[in-house]
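Each of the two complexes below includes chain A, the first together with chain B, the second together with chain C.
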Partner chain A sequence: MKVITANFVTCAVKDCKTSAASFPLHFHDAELEMQEIDFQPEFIRNVIPRIDWEGLRVTANELGFPSLPDSKPEGKALEDERTLKDLHRLLLETQVMEGRLVCGNCGHQYAIKEGIANFLLPSHLV
Partner chain B sequence: MESQAEAYEQENVHEVYQNIAQHFSATRYKPWPIVHQFLQNLTSGSIGLDVGCGNGKNLMANRNVFIIGSDRSENLARIALKQHPHSAIVADILRLPHRDAEFDFAICIAVVHHLSTPERRAQAIAEILRTVKRGSDLQPGGQVLIYAWALEQKDSRRGWAKGDQQDVMVPWVRKNPTAPQESQTFHRYYHLYEEGELEGDVERAGGQVVTSGYEKDNWWVIATPKVIS
Partner chain C sequence: MLPTPDTSHVSFDTIYEPSEDSYLFLDTLSSESESKWLSERFQKTNSDSLGHENNNSVPLVVEAGTGSGVVLAFAAAHSQKIFGRQDILTLGVDVNRNACLATRETVATAIKTNQIPTTDSGAPNLHTIHISSVTADLCTSLRPGSVDVLLFNPPYVPTEELPRLPTAAENDPATVQGLSRSAKFESESFFLSLTYAGGADGMETTNRLLDAVPGVLSSRGVAYVLLCKQNRPEEVKEVIRGWGGWNAETVGSSGMKAGWEKLVIVRIWRQGSDR
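Our next item is the complex of A and B:
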């Protein structure tokens, strides 16, 4: 699972959607793997404005990455190739292969196995 | 009732796709024209969903947008993982793990016809509409492209037509090329949509039809959440 994915998912439990604590889901016991993916500077530049930066900071921290800047890169900063490459590496090339995503509201844990996160709920939570 | 429908779909849809994933995927390699066009027309940097993404064949249509594909079948979602820069997860169409009103677009191609009651089909569409941006008087909302198999397909191999039974079991033959006698047949449940029915489901789900049509044995609709002013 690419790191960017965590920025666009939340708990599948209906009642959690209204709780701010359900985003972002929290990584536990994450095992990472780097996978080379074509660098498209335009893609990163266009996607960054849509990223929930606070959420990404939490995620990056949980995965053991050095702290991201306090505020989201904008304008000129998005012309900087280094910045875009770093974000490309974090968002697209970093894969979470094993581990769990945990909801900060209900505590439900979603397993990540061989790179794929499973959001199916057990019947008692449906 | 609800859990009965769910168990039925588990047996007659989900398990079948798990079993035929490899063979199914090998027969599906490019998006249909209207799906391709819809994805091509998106603004670069748009963020969206492909609900019931199967092997991810639609993800390849545009690499300048970011799409999270989801499927009930882990075997299929795993194949879809290979479509970069996109992403794939395992999720249920009725309980999508996404926030409200977040996405610029969504597609749901050949999926809602696998839900076995009218309520669940409308719920599935409502759940997808929930995830896309709401429009206002000033700004259009996120668009959702939905495809479903048509009852009206006289010229197809199946030959169904208006007036035929709409809830059907459709065989999938998984051939073993080296040992034809070992070929296995699986049956998937389908609800065949009749003309106007998909539009009706969209309205019932709280959506608004932007445009709709028929392409190669399928009804399709582009919908958006209804503007509440």
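Our next item is the complex of A and C:
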């Protein structure tokens, strides 16, 4: 799974939906793999508007990436190739192959194996 | 006609083999009328002078219940024709881990075949990025308001019982490896039943998906859901219109056949969100 996925998923437990602590899920013991993808500044510029920036900052920090800017790049900052390249690398080229995603609200752990995260719940949580 | 994604690598022991319903999905998304509608909704705009939400933002296309991945791969590989742009993100969801693995490959192959130039002559193109295939139940793991296009070809066959959901453990490759021959057969039959068995009126799973639609779609979001005649599509559309503020229209149909499995595809979107 590409790192950007963490920006679009949340805890599958119903009661966690209303809790701010359930997003983003937290990476634990993540094993990363890089997959090279042609750098397309336009693509990244069009991805940025739909990113939850605070959530991404948390994710980047947990995966050991250099700190992202405090606020989402806008206007002139979207022309800065360094920023766009960093985001390209983090969001699209970095894949989490093994590890866990953990909910900050209920503590449930979702395993990631061979790049596939498993969000199915045990029956008592459905 | 746009090429159908290759699924020759997929083992259909536990995965639904692309069939008439899958192909109706491909034909509907790529039809003149539907691709025009979608392209107008998602195409890039040059000016943002009125201060509207930046529509250049890449759409996130999600399929619930991908199976082999043939539908999502088709949308990914032909995004220019269907959505009027090369740059989209795709995410696949299925309760069967094998289907997730299959989908990942089907989508990657289709993008490579159709969107990435093989020679050095062309400049690198913008192309679809498949961000992940995840094992999950419908939309339960998706962040609210995040999905722009939701595709669903449900288990729509009326059955006496609705199969239960698989557990995380049943999807663990280590568990599957340890199964006896008969237990393996039973497990495969169970996963296959999930691909078609829809419970009462064939609607039990579809109704759960529909319940999630208003929460999971973005403001410009749209869902496509396939229904068979026994699902009573006209009633389903009335229910959706009764949500308040939502439209539902039939935008594809398997045609004149009188068989019980006459199929339609319904488009669901917010009223007043036409552009």
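Going forward, the second predicted complex is superposed on the first by the 126 of 126 C-alpha atoms of A that agree within 3 Å, B and C clash if a C-alpha of one lies under 4 Å from a C-alpha of the other, contacts with A are read in each partner's own complex, and residues count from 1 in each chain.
Following the convention adopted for this analysis, contacts are C-beta pairs under 8 Å (C-beta built on N, C-alpha and C of every residue); 3 or more make two chains touch, one makes a residue touch a chain.
Bear in mind the structure is a predicted one, so any value in this text is a computation, not a measurement.
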Clash-or-fit label for the pair chain B, chain C on chain A: clash
First (chain B), second (chain C), both or neither touched by A:M97: neither
First, second, both or neither for A:L63, with chain B first and chain C second: neither
Which superposed partner A:A12 touches (first chain B, second chain C, both, neither): both
Touched partner set for A:R50, first chain B, second chain C, both or neither: both
Which superposed partner A:V126 touches (first chain B, second chain C, both, neither): both
Overlap of the chain B and chain C footprints on chain A, listed as residue numbers: 1-2, 4-5, 8-12, 14, 17, 23, 37-38, 40, 42-43, 45-47, 49-50, 92, 114-121, 123, 126
Chain C residues touching chain A - in the complex, by the definition given at the top: 44, 54, 56-58, 60, 87, 89, 91, 95, 97, 100-101, 104, 124, 126, 129, 131-137, 140-144, 146, 164-168, 171-173
Chain B residues touching chain A - in the complex, by the definition given at the top: 3, 44-45, 47, 63-64, 66, 68, 70, 72, 74, 77-78, 81, 84-85, 87-92, 95-100, 102-103
In the complex, chain A residues that touch chain B: 1-2, 4-5, 8-14, 17, 23, 37-38, 40, 42-43, 45-47, 49-50, 92, 110, 114-121, 123, 126
Residue ranges of chain A in contact with chain C within the complex: 1-2, 4-5, 7-12, 14, 17, 23, 37-38, 40, 42-43, 45-47, 49-50, 52, 92, 111, 113-123, 126
